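See the structures that follow.
Common to both upcoming complexes is chain A, partnered first by chain B, then by chain C.
== the complex of A and B ==
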């Protein structure tokens, strides 16, 4: 696969070139945070950021997405009450500057929306239409940023600052330019369309990347223990006595679930506009009591501790058991940084991993 | 790519009021596109999502049997938003159905066995599907003794009263119908008592060739389980059907899980043996 090194000055030109073939999305500063947005003509991605406040999952799993539509006009006999699919734009998109943790997160989510039994066409088509161009977390002179926050624990969560899973190409920010390494055919095509020509020695660049990778990994100093989760008995963990203490401060605000790139729960709701309407799929959260409330009034997770336990058990035990694919967390640290009461998944994970039921 | 969230259009072909308080009605649907009926091929024990445009979708057990062709039936309790709208609809109205969803009673294991069906309240709907399926001339010889223990609060709350009579008259099925109280019906000639009590009296002895299928409200299940234990039923011979709040019905929305299982996809049918390994979040 192609590896190229480009001057930072040439970058803008390449970005403009690829806008002819893709809709291009990238990080852009909005007030004090970065978010992913479609880049307009002449606008380059702002790669000077730690990570976006919200994960870019809404690119293919929007917070609220119309999926089906219907007509409610009784005069239109052939259409009335018949639910139809909404046609959408799945033209090629490129997302530039996504962090490796976020890209990997979506590979953890995929089996939920795309498995042998059922495929969610909205998630799959939107995801597949995107070329993921990652930005490694490395330090550079022009920016002290781009290095892990104290709450990043990717290396022990099955990921890493240069992780390539889920990416089509990886950008490494160096002192004197960007090294861009294609990882898939989609990534190679992106490089070709950007007309960023290879003028450097691929082996040398790869060695260069590996050195920076090692340096970056060494800078991560926050870890979780996950090695024993698989062997724990699910019911032991579920009935463990630490949940009451750990959930004490939680206010069930749901922030941790909304900011998480690996949280995927959703609701389905109809919204009517006069004599037509749209059925929406929208983010929901296991932290909310309505999430599991039965029509009869019975609620199997009616208390805070049950809902709190659900989130952590899902990420750190149910997912582990179901897919044998590591934990459902990539260590991006968003839920830690944004929890209003400082609940820390690293602590819960370590408690779960070392839990021994009383004999 | 097939869209599992898109309902098939159906027309309400018949509506039957089941109970004297009119809280339960059976809706008979025909598919607007005949090829959709083929795609909706189901087994007894599965459910569907009934979809009313502008109101939403709700999971409901399939009450008809796969041996009944040309239509599909659901018996619905008027509970809230969507069910109330459904109860207000008329024959000829068009709406949607998604499915079939979920797993089914393990018919491959149940063949050649004695079957005890234990049902209470309106959870009896998918049990009707199973009974009609087993009693069909093509299938009856595949099962040994069939016992049905079915209870409702009062005689007027029993579902499928005409069929109950017809089954009662047959000699290849033992019906044990019961009500909590028969005060309002002086002619009541069947049992009086809660389902667990009647189970203790009427259920056949446990052995490796006898399977119990239990479906009912949580309280009935709670008190039936110790009775089956007392009678010696092995936990892998007790088959339950669960309900949980659902939306997608296909294991994606993350709503209905119990531990790592999704009631909508891995269930709703589980053996008690399986449930023992799951948290009690139902």
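== the complex of A and C ==
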């Protein structure tokens, strides 16, 4: 696969070129923080950020996504009482500057939307329309902010600052240029379309990347222990006595789940206005009481401790057991940084991993 | 305020040992700079875990309700006003509480601190009036007064309104503060400017409801946004539904909001949700001469009818 190094001066030009073939999305600072948005003409992705406030999961899993619409107006004979699929834009998109943790996160999410039994066409089509161009978390001059940040624990969560899973190409921001390494055919195609004039001594550049990768990994000094989770007895963990104390501060706000790249839960809602209506997918969260409320009025997770336990058991035990693919967390640290009361998944994970039931 | 720590521990330990309370609700040290975690202490020997500094902004009154124990709570000015509101609204009885009153000098806004430095903050240490901020590249000392949460910088009720014991002498309340400058700025806008202002304000709202959940006033068993039979508000990201949530939340807090800032502090998107509640607070002062949580003897104005209630704003 192609590895190239381009001058920073040529970057903006390449981005403009790319916009002819893709809709281009990238990090952009609005208000106090960075979010992913579609880049306008002449706008390059702002790569000087720690991580975006929200994960870019909404690009293919929007917070609210209309899927079907209907009409009840008897005067419209051809449409009345017919449910129609909402047409969407699945044209090629490129997302530039996604962090490796987010890209890996989506590979953990995929089995939920795309498996032998069920395929969610909306998720799959949207995801597959995207070319993921990652940005390694390395420290460079123009990113004095300093990646990785101190609440990143990706290396012990099955990921890492240069992790390639889920990416089509990886950008490494160095002092004197961007090294871009294609990882899939989609990534190669992206590079070709950008028509960047570039130095491409693949061996030298790969060696370069490997050195920076090692340096970045060494900077990570926050870790979780996950090695014993799989062997724990599920019901032991479920009935463990630490949940009460750990959940005390939680206000069940759901922030942790909304900002998380691996949280996938959604609800289906119908909204009707006059003679027409729409059915849509809507993010949901296990932290909310409504999440499990039955039509009968019974709620199997009616208390905070039950909801709190669900989030961590799902990510750190049920997922581990069901998919045998590590934990459902990539260590991006967003939930830790944005929790208003400082619930820290690293702490909970370590408590779970070391938990021994009283004999 | 870090000077209060020993006294807080001493009182907490004593009232636990004497059996005056079964638990203490306070804060323990958090895992990130400028973050503490609300916690409950059940045994006298665990009192050592309690901390108190300028990062205890989340309102603890949230944690009092629906508990059976006798509760000791470490409460700053605004917390005690929310306790008063709770008592008046029959959410809790004073007898269930032992209030450890904290004369407060204000809580730090971590976003403000972050905006003063250009790389990640690794460590923050607090002195009486300054904080030392260590980043990956640098170390600087900043004045606490420049870093206060907006509500704290205009707070004139720093002293506890009700308490069983104080951790320190009452402090002098600030004078000559224009508490409503931000509201007046919006009031002076044209209708269109106002519209744009609020549209921009909530443009990044993800409807996580952290603002609602961090507020001690929001204790309805089922919030109107969660009600599904009938469903009052759409669940999606439709703008009118987001607005509806914000407007109604604010109105539910009218005459009850103590401007503790918990809502704003909790918002992951940095939305200044107090812009809504602050206007209602101002209206309550101007129309009813009312400030929330200052007395146990009266109910909030929207709860009550008085013959001399103003009505010239009703159309």
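In the analysis below, the second predicted complex is superposed on the first by the 348 of 359 C-alpha atoms of A that agree within 3 Å, B and C clash if a C-alpha of one lies under 4 Å from a C-alpha of the other, contacts with A are read in each partner's own complex, and residues count from 1 in each chain.
In this section, a contact is a pair of C-beta atoms (placed from the backbone, for glycine too) under 8 Å apart; a residue touches a chain by one contact, two chains touch by 3 or more.
Note that the structure is predicted; figures quoted are calculated from it, not measured.
Engineer: Here chain A is shared; do chain B and chain C fit on it together or clash?
Structural biologist: Fit: chain B and chain C sit side by side once superposed on chain A.
Engineer: Could you tell me if A:35 is touching chain B, chain C, both of them or neither one (first, second, both, neither)?
Structural biologist: A:35 contacts chain C only, not chain B.
Engineer: Based on the superposed arrangement, let me know which partner A:202 touches: chain B (first), chain C (second), both, or neither?
Structural biologist: neither
Engineer: After superposition on the shared chain, which partner residues are touched by A:301: those of chain B (first), chain C (second), both, or neither?
Structural biologist: So A:301 only meets chain B here.
Engineer: To the nearest 10 degrees, what angle do the lines from the C-alpha centre of chain A to those of chain B and chain C enclose?
Structural biologist: Given the fit on chain A C-alpha atoms, the answer is 90 degrees.
Engineer: With the two complexes superposed on chain A, say which partner A:54 touches: chain B (first), chain C (second), both, or neither.
Structural biologist: Second partner only.
Engineer: Taking the superposition on A as described, I'd like to know which of chain B and chain C A:343 touches: first, second, both or neither.
Structural biologist: second
Engineer: Compute the least Cα distance separating chain B from chain C in the superposition and give it as a whole number of Å.
Structural biologist: 6
Engineer: Which residues of chain A are in contact with chain B in one complex and with chain C in the other?
Structural biologist: Overlap of chain B and chain C footprints on chain A: residues 267, 269, 293.
Engineer: Please output the residues of chain A touching chain C within their complex, sorted ascending.
Structural biologist: Per the touch definition, chain A meets chain C at residues 30-33, 35, 50, 53-54, 62-64, 144-146, 149-151, 245, 248-249, 251-255, 258-259, 267, 269, 271, 280, 282, 285, 288-290, 293, 336-338, 340-344, 346-347.
Engineer: With touch defined as at the start, can you tell me which chain C residues reach chain A in the complex?
Structural biologist: Touch list, chain C to chain A: 30-32, 35-40, 58, 62-63, 111, 115, 118-120, 122, 136-137, 204, 206-210, 212-214, 226, 228, 234-238, 265-270.
Engineer: Within the complex, which stretch of chain B touches chain A?
Structural biologist: Chain B residues touching chain A: 1-7, 9, 32, 51-58, 79-80, 83, 93-96, 218, 243-245, 247-248, 250-260, 265, 277-279, 281-282.
Engineer: Quick check: in the complex, which residue numbers of chain A touch chain B?
Structural biologist: 67-68, 70-72, 80-85, 112-113, 115, 117-121, 124-125, 234-235, 238-239, 264-270, 272, 277, 279, 281, 284, 286, 291-296, 298, 300-301, 306, 310, 313-314, 317-319, 321-322
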